[in-house]
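The structures considered in this document are given below.
Two complexes come next, and they have one chain in common, subunit A, joined by subunit B in the first and subunit C in the second.
Our next item is the complex of A and B:
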């Protein structure tokens, strides 16, 4: 029981450390936010006054979110490698607190990004959201899976040569199931008389759990040489 | 000897497909594409799981021979996956009128191709042999968990033009018995070819 509480404590310390280093430079935040803002502006300007169908809106929203995530989320491990602190981190803790600390941090970052992006999206593209709580739930579950997949991939790409390009290439196929189902669900949120889509929600939930479980197992192999 | 018997077996299978299988209702002779398409698609998924299995063995033992067979299986899987995609697209053009329309089955096979592509991109970008083996094994296992969702779950959710898979929801097989027999022989044949090519250079694996 004591080891459980101590690893929880360590996980939280890793999260704290991530937030502190982020607050020093705002690197990931600015990259994520500016990227999403740029894409959103590009889309809404080029679309002009066209009325988009719910399906198109859902697709656009998730594409913006996905590519923004690809710009900032690899930082969690890249930055450790660049600043040479990864060995210190290795000495500090065993694998699981590191993985989950960085996962929670990425998850928080994605949720903040969502909360930043959504109102702008609604304003700029003139969208009606009929089920706001359901939308938040969809994003919450989608973000959890995306955060875990990107955290594990980020820990892998620090050993490779073309890090950022590879990050997107490796993450995309694994995120795609979440992506497809989230688009389907989000589409339903933009329609007034929707029916509750339980099956896709359950699917995303199971997929998240499986991804978190397998990432936790595999990270041990990456962390210990 | 093995090569010769495999060649004879393959020739016999091809003969069976062209002269033994009756034309299907509504499809005519086009149904013969399925005798290539289904086995090839099956082998591409099999190769994927075998690759993941050897990746798992590598992580357990750190023996590089497991890594090389895992990557060779993935390479074979990629080729078979490509064949399945192309034969499927041709079949789609001839029956539905378009090569590609993002049918759920096409989505899943495309993602499978993508995973294979990402796997080889990862391998080519790492110089150190041991790190390459370890990371590609990890990626192989990570993506292997996603494949059942792609292959078995997604196609069930969306409306699809793709014919029901052989093992469908009801568990019943709706196929002419001659066709089924030939199909099983084709499956066996393509699987044999896969293993033959996979093990062709077993003795020159660099340790």
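Our next item is the complex of A and C:
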């Protein structure tokens, strides 16, 4: 029996497809996890017994996450371009399920990376977390913004040369506001007395929504042009 | 649906190449039109322009269903493709690829329907992941996808390429059935047998 599949169903099909192909190749996973692991090891070995301030710890954590994202998240579109499957997708699919499917996949990947990296970071650098739920919320919101921006930029650079360099250069200015506010918020999680956090949280939330809106509008042009 | 395609004053230029200088014409619904020309004359590019996959440098395409003008997005829901640059996911099987792309085009097929299609294109059985497929087998999978998507307008670019005798017979039957179902077919080819199926020919120079 043939049924029409809804936009939501098609979005989830893209997510499933990404997970399925990733589980059979481990291309993005290995890039993200190996980068974060080696960076964390390098940091822990270089600082030795030095006690880092909460601000420095927050900066290090988000730098590891940012550069890990830069190594693996562009794959969602680059791999389609390299293998030629992007032509089949273009021919048989609307733009929006592709954008949101790939965004959800990148978001999941970043959250898995965070859950992998965070305990290691806490153990290796001997960090005290005073507000764990708040930290998860910060990561959840920060990762959503990073995933949306990197997904959009990845779709824009597939026909260019020097894709990896362009991906980082174009993503960074857009990620920077999220990055700075997340560092500020994460710093607060590493100290017992939390200061006023509402404003940066609201800012990240609004920024995420704006980025999702802009990406959704722009992607139709990117996809068909 | 009966979709007429009209193209007006189409130009396409690349940085070091100018392909067309004002192509104008009409492809009526239910007609098989062949686009022929030498290698590099821009047959595939013209097919993609007509399909709305790439934009012309100048000029425009109009899609009309009876007297209603269709938007590009509307039209794309009625267009099926078989082109050499379309590829499938290497790590997935033929059935998984077929299910994914048909579902993405808005049609969800049952297991038995998928199997029936794969049998039709002689890809049934344990053929494994697409990475183990020959070029001809991938071409057969493209045929299955085109048939499964049930589109009214077909854009075919060298459909018989890489196919053996049985595959060519499959294409012949497919085109015959499509014509009897009053589908609009645009065929970019230099194969004289395929040109023979056409009602109209557009010669690119």
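In this section, the second predicted complex is superposed on the first by the 219 of 225 C-alpha atoms of A that agree within 3 Å, B and C clash if a C-alpha of one lies under 4 Å from a C-alpha of the other, contacts with A are read in each partner's own complex, and residues count from 1 in each chain.
Heads up, the rule we're going with is that contacts are C-beta pairs under 8 Å (C-beta built on N, C-alpha and C of every residue); 3 or more make two chains touch, one makes a residue touch a chain.
Just so we're clear, the structure is a prediction, and the values are computed from it rather than from any experiment.
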item: Overlay on subunit A: subunit C relative to subunit B, clash or fit; value: fit
item: Partner chain(s) touched by A:41 [first = subunit B, second = subunit C, both, neither]; value: neither
item: First (subunit B), second (subunit C), both or neither touched by A:169; value: first
item: Partner chain(s) touched by A:126 [first = subunit B, second = subunit C, both, neither]; value: neither
item: Which of subunit B and subunit C A:30 touches, first, second, both or neither; value: neither
item: Which superposed partner A:10 touches (first subunit B, second subunit C, both, neither); value: second
item: Least Cα gap, in Å, left between subunit B and subunit C after the two complexes are fitted on chain A; value: 6
item: Residues on subunit A lying within both footprints (that of subunit B and that of subunit C); value: none
item: Of all residues in subunit C, those that touch subunit A in their complex; value: 51-53, 55, 72-73, 76, 79-81, 83, 85-92, 96, 100-110, 113, 145, 149
item: Parts of subunit B lying in touch with subunit A, wherever the complex brings them together; value: 59, 107, 111, 114-115, 117-118, 121-122, 125-128, 131, 134-135, 137-139, 141-143, 145-146, 149-150, 153-154, 157
item: Subunit A - residues contacting subunit B, complex; value: 152, 156, 159-162, 166, 169-170, 172-174, 176-177, 180-181, 199-200, 203, 207, 210-211, 214-215, 218, 221-222
item: Footprint of subunit C on subunit A - complex, ascending; value: 1-5, 9-10, 13-14, 17, 20-21, 24-25, 83-85, 87-94, 97, 224-225
